[in-house]
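You will see two complexes here that share chain A, one where it goes with chain B and one where it goes with chain C.
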Partner chain A sequence: MWRDSLLMAGKDLRIEARSRVALSQVAPFGVIALVLFAFALGPDQGPMAAGAPGLFWVAVLFSTVLAIQRSVSVESGDSARDGLRLSGLDPAGVFLGKTVAVAAQLVVLEVILGVGVVLLYGAHIVDYWLIVGSCLLGTVGLAASGTLYGVLSAGIRVRETLLPFLLLPVVAPVLLAGTRTWQAGLTGGTPADGLPWLRLLAVFDAVYVALGVVVYGPIQESA
Partner chain B sequence: MPGRLWPPQSPPPSALSLRDVVALSGRFPLLAGVDLEVASGETVLVEGPNGAGKTSLLRVCAGLVPVASGSVRILGLDPVRNRTALRRRIGFLAHAAHLYDDLTVRENVRFGVRAAGAPVSGIDRACERLGLTGRLLRTGTVKLSAGQRRRVALAILVARAPELWLLDEPHAGLDAEARGLLTELVAEVSAAGATVLVASHEPELVEQLAHRSVTVTGGRITSSRTLGGRPRGIAHVA
Partner chain C sequence: MSVQQQSPRAVWATRVIGLSALVGTVFTVWLGLWITPPDRTQGDLVRLVYIHPGVAWVALYVAFGLTFVASMLYLWPRTRSFFWDRLAASSVEVGVVFMVCTVVSGSIWGKPTWGVWWAWDARLTSTALLLVLSLGYLAIRRVPAEPAVRAKRCAFAALFVAVDVPIVHFSVVWWKTLHQGATVLNANLSPTIHGSMAWTLLLGFVSLTLVYVWMLLVRYRIAVLEDQLGSGELDVALAERRAEGTTPGPAPRPLAGADQTVEEVTA
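Presenting the complex of A and B:
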C-alpha cells in the first residue's frame, strides 16, 4: 500500500509539475477570492483583520474544490480511470497517493494565501504554532475528504457541479475549526483557545483517512 | 504484494472459466449467459458483429464489469475477491490507451510497469521492440498519434509480461508495420505459454495464431471452431 501510494503521489505531482494548473490557476483563484473579499469589506482594515481567519479558510475551501476537480480530471482523459483500476495498484494506496499529492498542492496554496491575508488584511500572526498546526491538520482533512468525494463523483457527467455540492457541507468542520484556531493564533489567545479545535481537526483527519483507505476501492470500482 | 508472476509456477488447469455469466449495464444485458473455458496457454479469437458483446466479454474477464449472475474464475481466482492481485497478472489492451497526456512516453510505460509490480528492467527492451526510441521516449503522449499511443500501451504490456492477455481490436489504428509486429508479439507470448483472448473484426490477422475461435452474438457464445494455431508453450518471448 505504501509503495503504491508513493508511486501514485509521484505520478500526480509530476503531472502537476508539467501542467502547473495549481500554480497558474488554483492559486490565482484563491488570491482573487481574497482580493474580492477585501473589496466587499471596504477600505477599513478593522473588519478585514477581524474576518481574516474565516476569509482565509473560505478561500482555501474554494481552492480545494478546484484542486480536487483537477485531481479527478487527470484520471478522466483516455479512460485513465479504467487504466488505474487495471493497473494492479492497491486502491488504498491510490487514495493515499492522491491525498498526498493534493495536500502538497494545498500547502503551497495556503502559504500564498497566508501571505495574502497578512498583506491585504493587515493580519498579525502571534502564535505561529497554532497557525501552522491548523493549516497542516486542515490540509490533510481537506485532501482526504476531497479525494474521497472526488472519486465518488468521478463517473458522473455533472461532477463539476456535483462535487462542490457534496464536498463543501462535509468540510464545514474544517472551516469552523480552522477559523477558530486562526483567531486564537492571530489575536494571541492562549494555546487552550486553539487546542480543542486542533483536536477536532485531528479527529476529522483520522475519520476521513481511515474511511478513504477502506471505501476508496469499492467506490472506484462502481464509479 | 505478490512478486513477479511470470512465468507461472503452477499454471491453473483453466485460465478462464465463465459459466452462465450474465452482465448488465443498468437493465441492458451486456452478456446473456456466456459459457467459456479457455485453457492455460490457449489463444482464442473472439468474433462477432458490433454490439454482440465482445468487448463486454473482455471487460468481464478483466474484472471491469461485475457479473449479475453466473460464476467467473480467472487464472483460478475469483476476480472480485482477488481483484488487485489478479489485475497484476492480466494485461488489457482496450480501445483507449489509458495514458496520461502530461507524462512522456517513458514515464507512462514506467508507471504502468511499476504499478503492476513488474521489474523496470524490461522497459527499454519493450520500448525498443515497439519502435519507441530516441526523442519519442521523451515526448509527451499528448503529441502522439492514435497508432503511437497504441504502441505505448502495447509496450507497457510487453514490459509487464502478464499471464493473461486481453486484446480488444488490437490492430485498430496501427500501420502495416505495427500490425505485423503485433502479430509477431501475439505469436511469441502465446508460444511462451501466456493465455490470449483477442476480440477482432479482422480475423484473418489472428486466425493463423489462434487455437480456437468463438463467435459472440447477442451476448452469448453461439459457435466455436478449432483453428490451426501453434503448439502451446514451445518458445519464449524474445
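Presenting the complex of A and C:
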C-alpha cells in the first residue's frame, strides 16, 4: 500500500510539475481571491487584519476545490481511470497517493497565501507552531475528504458544479477550526485557545483518511 | 407495460397511518393553540415548542438515522437490495422537508427571542449544514446512472454525511451556542415541563413521526413506480428495435404535397 501510494503521488506530482496547472492557475486564483476580499472590505487594514484568518481559509477552501477537480480530471481522459483500476495498484494506496499529491500542492498554495495575508492584510504571526500545525492538519483533512468526494463524483458529467456543492459543507469544520487556530496564532489571540481546534482537525483527518483507505476501492469500482 | 399493484394490506396500512397522523396533528394544533396555557416567561411564543422539537426530532434523528442504516444495509453485500436504496432516498427527501420546517420554525422562534431571524446559534447552524449536505445527497441522486451505480454512489454519500455530522455538530457547538438546553431529553432524562404542555409536546412528537412515516411510505411507493417506469420504457424501446429488425418496415410515405403541382400548392 505504501509503495503504491508513493508511486501514485509521484505520478500526480510529476504531471503537475510538467503541466504547472496548480502553480499557474490554482495559486493565482487563491491570490486573486485574497485581493477581492480586500476590495470587499475596503482599504482600511483593521478589518482586513481582523478577518485575515477566515479569509485565508476561505481562499484555501476554494482553491482546494480547483485542486481536487484537477486531480480527478487527470484520470478522466483516455480511459485512465479504467487503466488505474486494471493496474493492480492497491486502492488504499491510490487514495493515499492522490491525497498526498493534493496535500503537497495545497501546502505550497498555503505558503503563498500566508505570505499574501501578512503582506496584504497586515496580519502579524505570533505563534508560528499553531499556524504551521493548523495548516498541515487542515491540509490533510481537505486533501483526504476532497479526494474521496472527487472519486465519488468521477464519471459524472456535472462534476464541475456538483463537487463544490458536496465538498464545501463537508469541510466546514476545517474552516471553523483553521480560522480559530489562526486567530489564536495571530496578534491578539491566546495560543492556548488554538489547541482544542487542532485536536478537532486531527480527528477530522483521522476519520477521513481511515474512511478513504477502507472505501476508496469500492467507490472506484462503481464510479 | 404493467405496473405492479400495491397489496391491499399495504394500502390499508398507509391509509390508517395517514389518518392517524392527520388526527394527531389536528389534536396537537388544537391543544397547542387553544387548550394549553401560555408560558410564564415566553408567553404565547411557547406554543411553537409543540411543533419545533417534533420536526427536529424527525429530521435529525429518525429520517437521517433511517437513511444511514438503510444505506449501510445496501452497502453490506448480504443485505444488498434496492429496497434499502429506495428507502434511504425516500427518507432523505422527506427528511429534507422536515429539516426546512425545523430551520424555519427555529428562525421564527429566534426573531422575538433573540431579536434576529438568524443568530448563528449552534444547533440551527448545524441543522442548516445538515440540510445542505442532504441536498447534496439528493443532487447525486438526480444524476442519471445505472440503478446499481446510483444506489452505491448514494449509499457512500450517506455514509460520508453521517461521518461528518458529529464533527460538524461539535465544531459548531464549540464555535457558538445560544440555544436553549434540552427540555425533554436532558442529561437526567427528567422533563422540565409538566401537565397539559408535556402531553401536547408528546402528542406532537408522535403525530409528526406518524406524518413522517406516512410521507415515507407514499414516497417509497412513488420510487417503486419511477423505477418500474424507467425499466418499462427501456423494455418498450428494446421491443420496438427488435420489431424493426424482424418485420419489414412500412413503405415510405410520400412527402405531403409531393403529388401536387406547384400551382395546386400555392392556390
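In this section, the second predicted complex is superposed on the first by the 220 of 223 C-alpha atoms of A that agree within 3 Å, B and C clash if a C-alpha of one lies under 4 Å from a C-alpha of the other, contacts with A are read in each partner's own complex, and residues count from 1 in each chain.
What we mean here is this: a contact is a pair of C-beta atoms (placed from the backbone, for glycine too) under 8 Å apart; a residue touches a chain by one contact, two chains touch by 3 or more.
In this text, all values refer to a predicted model and were calculated from it rather than measured experimentally.
Look at A:176: by the touch rule set out above, it reaches chain C but stays clear of chain B. By the document's definition of touching, of the two partners only chain B reaches A:88; chain C does not.
In the superposition on chain A, A:7 contacts chain B only, with no contact to chain C.
Of the two partner chains placed by the overlay, only chain B lies in contact with A:77; chain C stays clear of it. Residue overlap on chain A between its contacts with chain B in one complex and with chain C in the other: absent. Note for the complex: chain A touches chain C at residues 145, 148-149, 152-153, 156-158, 162, 165-166, 169-170, 172-173, 176-177, 180, 196-197, 200, 203-204, 207-208, 211, 215, 218-219, 222-223.
On chain C, the positions that touch chain A within their shared complex are 75, 129, 132-133, 135-136, 139-140, 143, 145, 148-149, 152-153, 156-157, 159-161, 163-164, 167-168, 170-172, 174-175.
By the touch rule above, chain B contacts chain A in their complex via residues 1, 62, 64, 66, 83-85, 87-88, 90, 92, 94-103, 107, 111-112, 114-117, 140, 149. By the touch criterion stated above, chain A contacts chain B in their complex at residues 3-4, 7, 11, 14-15, 18-19, 74, 77-80, 82-91, 217, 221.
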